[in-house]
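Down below are the structures I want you to see.
Same chain, two partners: subunit A is paired with subunit B first, then with subunit C.
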Partner chain A sequence: MDSDGSDHLKESPTPRYFGREKSRTRSDKAFSGSVVVAALSSLFILVAILFYLATSSWPALRKEGLSFITGSTWIGGLDDPSQQVFQIWPMLYGSFLNALLAIIFAVPISVLLAIFIVFIAPKKIARALTIVVDVLAAIPSGIIGIWGFLVFTPVAEGWARLIHQYLGSIPIFVNNQDQFTRSPFITAWVLGIMIVPIITVVAREVLAQTPQDLLDAARGLGGSLWGTVRMVALPHARGGIVGGVMLGLGRALGETVAIYFVLNLIFERVNYYRILDPEGGSVASMIIAKFGEATPEEIQALLGAGLVLFLLTLVVNLIANWIVARSARERLV
Partner chain B sequence: MTILQEKPSEEVFTEPQYPWRKVNPSTSITNSIIVVLPISIFALSFFLTDLPGALLFIVIFLPVQILVAIFATIWGISKKRVGDAVLSVLSLVAFSFVIALMGSVLFSVFSRGLPAISLSFLTQNNTYISPTTELDYGGVGHALLGTLMVVAIGMIISVPLGIASAIYITDMKGRLAGFVRFMVQAMSGVPSIVAGLFILAAFILTDVSGFSALTGGLAYSILMLPTVARTSEEVLKLVPKELRDAAIALGSSRARVIMKIVLPTARTGILTAVILGVARVIGETAPLLLTTSNTNGTNLNPFVDAVSTIPVYIFQFLGSGYPTAINRSWGAAFVLLTTVAILFAIARIVERSTKKG
Partner chain C sequence: MNIKNVRVPSSPQDVHPNKPGDANVHLETQNLHVWFGKRLILEKVNLAFPENSVTALIGPSGCGKSTFIRVLNRMHEFIPGAALAGRVLYDGQDIYDAAVDPVNIRTKVGMVFQKPNPFPTMSIRDNVLSGLKLAQMTYENSEEIVRTCLERASLWNEVKDRLDASASSLSGGQQQRLCIARSLAVSPKVLLMDEPCSALDPGSTRRIEDTIREISSDMTVVIVTHNMAQAQRVSDYTAFFLSEDGAPAQVVENAKTEEIFKKPKDSRTNDYVNGLFG
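Take a look at the complex of A and B:
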């Protein structure tokens, strides 16, 4: 990224007028100083988030140790703080399960949609569909939450019953509770709907950047659409699509209120694979669910959960951006 | 590449078109069969059995549609286009699915939210209103004002910081430009609940401030900053270098070039950046639950006491579960969605007027 600046200088016929030359007035120095300080605000904020979450959750984290992440007990709200236990493994695992399922649902839809927009649809439909995807991306998560809770849940419950009826012998579709709402399955669909636009936007952009001469070459060899997509466009766009999926993963891990309404949070045990059972977890939703009646110690534990979530999404997002940036560079070569 | 090993196609391309868009004369009959056959089999099985439609769609319609498309392709075009047929069917299914989803979201917000909207709903607050009170009384007025305050505070903080980040990356090209851009990207991944927790830990638990619109605005500014910075960066890149060179040649200082030349030239684009930032955060519920709390009355003091906002209003009434309360939630959702739509419409109009000028 540093190369951006130096490239510009090489082309530039004018001297570097914003450089570190000596003839600068005091007001100029003050201005550029304040711009630098403001530009570094994102660094300050990220460090401050890390610092405040870590220090304020430290008592709870120190008491629980590693079992804060690996244990499955949550006892709060007692008068005696020494009896309280705060462990988030069911929530942490649930977050990953939801996000993974959401990606399994969303990726085929998004990639097919992007292929449709770039290679198949007539120009007008493609343009309209691009707007549709943007609109879907702009719908606030609170509205997806109320829709998922009141409109989508009954529909998806029907799907879940069907899957259970015909494929119930497969372990992941077992459900002995005769309740098919508030399950990881439905949660994952709601999350999937939120991340479809994220993945589609990235996939569409990278697919559209497939060099025209490669497409022409494939055409000249008598390649079909499917052959061209499979052997030219998708390999070319792979990095970008993976990056888009990681961005969607970050979003799915951080989603809070929509999950709070569509998932039954179970704190004491982990639902490892029965995705139709009305039992699941989510770190972000747990924070909302527990916050209202939390004791001071419990709030420390919730801040610790927030710290874990922050670090997780930070790592996922950095990897995503790295993959997207790298694939963008490869495309330029 | 296996594509090279295939025998040369026997088809002759008379015009420079994508081969998959080439229409063979015999395809018109095939097309009608592709369209009619799967639907009629699906309709027959739907009316003659009592199996649910979702099951029939997956088990009957989709396989039949794919098979028919494959046979039609072999018969009408070429064996090599079989993959195209399957790809087209599947991508059309994905297309319809996404259209249906978006239609369902928008339709339910409109059909269920619109009946709740009235002048009193938009202007009254929530004092003396219980979850079972009829919709004639009470409304989102206080929440609308609260959202306005929180978003305004978020803007006041994040817009200068975001624009400064963009100026640093594009105009000053300082040593840390790459680093700043990297940090902005990292920040765009911060989950909204974490922003709320941070403000809670830094301001509210430390007794610097209580729940207030100010703390909510601080949380919002964290979420807005990356959007504003990234969009402004794109906009500032479009300002012609000649303008800057000319200003420098006339002896302007760095500050004057940016304040009097670069920013005014890019002002509509920067307005777009701000609008996109607002649209990004205006529906966020989680950070506000932790930083503004909620109240039933109107609170116009942004620095003291809890304040209600539209997203939290939706959350509050949705959680109570009573039918009239849920209607209130839908009404508030309608207000929220309309606000976002208006913001995007403004952004689009601004963008268009810039392109013309």
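Take a look at the complex of A and C:
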């Protein structure tokens, strides 16, 4: 204290900020420690996989350069390693095409299903449907693949023939091979079935969070069910639904086994848009298709393909996180 | 929906004991009973709302006033377990009749809520027009509708230069006036207001009271309020709701506002309006 007790009034005070409260007891310290270890281990695993993929695929990536992802030639299994060429564009493009089509098929189904669960279905049915959707999400992709091959393909082949018969003049529905199985169209439906639960769960969550007072406002103004959903609930949930779609896209891009069952992989030619043709690509499926009989150089190239796919899905997930976080902020305003 | 419409036979003298005067009546309730699940909330409510007048509903918290006005435009039925008996007549027709489209009723009997709830993702202009779009009404000359409604809600001068700004950029009082403008756009005959000023400061409250007086020149207004002074300032008629010892609430007294506050007939009304309980 100053002698006249007034000096401290003239100084501008220094603010003290508060950090997280520190653990003081031993059990609390042990708890914080294990939490930190768990948190760091996920980061460590991510970095370790990236590092492994990058270093072990480096020789192949260096040899091919940019044409590794832009070229369409794949020659492996030769005695002379210098003759081998590894380029993945047909597979990379195929992964995108499959995922895009899957999103186109899955989004309307998922959003309508979520609207039904949240706004229309009686409580019991809504609860039952929620469980069904969760179970659907838990079916292993191998099972979906076998089902897609044995059960779904014959059905979807019929749809494909019908589409070709009536809309065959549109370029994307051209098919000159008279084979309608093992196409990107069928692959995308199988993928779509796998990602419907993901998008539905997210869409259901965000739709259910539509503030009651906004729903009241819309209904009080004479809003019909459709009007209320379209003008109030969907705009509110838009960001969250887009985030869910991106999560689904990430899953569709990375899917391996299911696609391997239902798609005819063509490594050296890109099927750009003929979605009913029995030709397509998928980076992940290529890896299991080629891995068994690959030369050492080919394995390097496959790991490189894995690296490209890994980075792609990472970017998609980051975008999804960003969109979901942004929409959560908007809801708070 | 979970609404049950059970007819309760009413004795003849029960039907209009509280009907004030001989004015034209758009909206009235006859022998209305309201339940949540098995619990009876409101009992034997017979109220008539004379055309182009303001009726205040007063009474202690939890006595079913808000529930009552939600019954008047079929918002009550969105609450699980909601049920009612008796009749709600709009121009002589029971709005709970199976042939009546509830969406249609809500465009004629509009509602303004306790908490201002403009649509945050829409501009001020789109908020005013939102009811027309929600109810799929056809309209032309949207600029004129926006202007007229905002003027009647005495908000026009404050927002005329930023109609495309987000509704969430407005203050609480402005948001509530925007909600009133939004309700006016669908041209309801009756406007229900559930404590519209309870979240607002005195200045905003006064402006909304002015708006209520203004719109009641060609609209029937029913307002729930806990503010005795407000009831006296804005309303022509006042109905006093009371639930005694956990029993279902009833209308104790309904008369011209002046009578309710100056010479109430019932001693409980007298005690309540003079602040002895509630």
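We adopt the following convention: the second predicted complex is superposed on the first by the 296 of 333 C-alpha atoms of A that agree within 3 Å, B and C clash if a C-alpha of one lies under 4 Å from a C-alpha of the other, contacts with A are read in each partner's own complex, and residues count from 1 in each chain.
We adopt the following convention: a contact is a pair of C-beta atoms (placed from the backbone, for glycine too) under 8 Å apart; a residue touches a chain by one contact, two chains touch by 3 or more.
This is a predicted model, so every value here is computed, not measured.
Taking subunit A as the reference, the larger set of touched residues comes from B, when subunit B and subunit C are compared. Of the two partner chains placed around the shared chain by superposition, neither subunit B nor subunit C is touched by A:Ile69.
When the two complexes are overlaid on their common chain A, residue A:Ala218 makes contact with subunit B and with subunit C alike.
In the superposition on chain A, contact is made by A:Trp159 with subunit B only, not with subunit C.
By the touch criterion defined above, A:Met231 lies against subunit B and subunit C together after alignment on the C-alpha atoms of chain A. In the superposition on chain A, A:Leu150 makes contact with subunit B only, not with subunit C. In the overlay built on the shared chain, the residue A:Leu302 is in contact with subunit B alone; subunit C does not reach it.
Across the superposed pair, subunit B and subunit C both touch subunit A at residues 218-219, 221-224, 227, 231. Across the interface of their complex, subunit B is touched by residues 1-2, 4-5, 8, 12, 14, 17-18, 24-25, 27-28, 31-32, 34-36, 38-43, 45-46, 48-49, 52-53, 56-57, 108-109, 112-113, 115-116, 120-121, 129, 132-133, 135-136, 138-147, 149-152, 158-159, 162, 166, 193, 196, 218-219, 221-227, 229-231, 247, 250, 253-257, 261, 284, 287-288, 291, 299, 302-303, 306, 309-310, 313-314, 316-318, 320-321 of subunit A. Put simply, subunit A touches subunit C in their complex at residues 123, 211, 213-214, 216-224, 227-228, 231-232, 235-236, 333.
Chain contact summary for the complex, subunit C toward subunit A: residues 73, 75, 78, 80, 103-104, 106-107, 110-111, 113, 115, 117-122, 130-131, 133-136, 168, 179, 182-183, 186.
The touching residues of subunit B, counted against subunit A in their complex, run 1-4, 6, 8-9, 11, 13, 18-20, 52, 54-55, 80-84, 86-88, 90-95, 97-99, 101-102, 104-105, 108-109, 160-161, 164-165, 167-169, 171-174, 176-195, 197-198, 200-202, 205, 222, 225-226, 229, 241, 244-245, 248, 253-255, 258, 279, 282-286, 289-290, 311, 314-315, 318, 326, 329-330, 333, 336-337, 340, 344.
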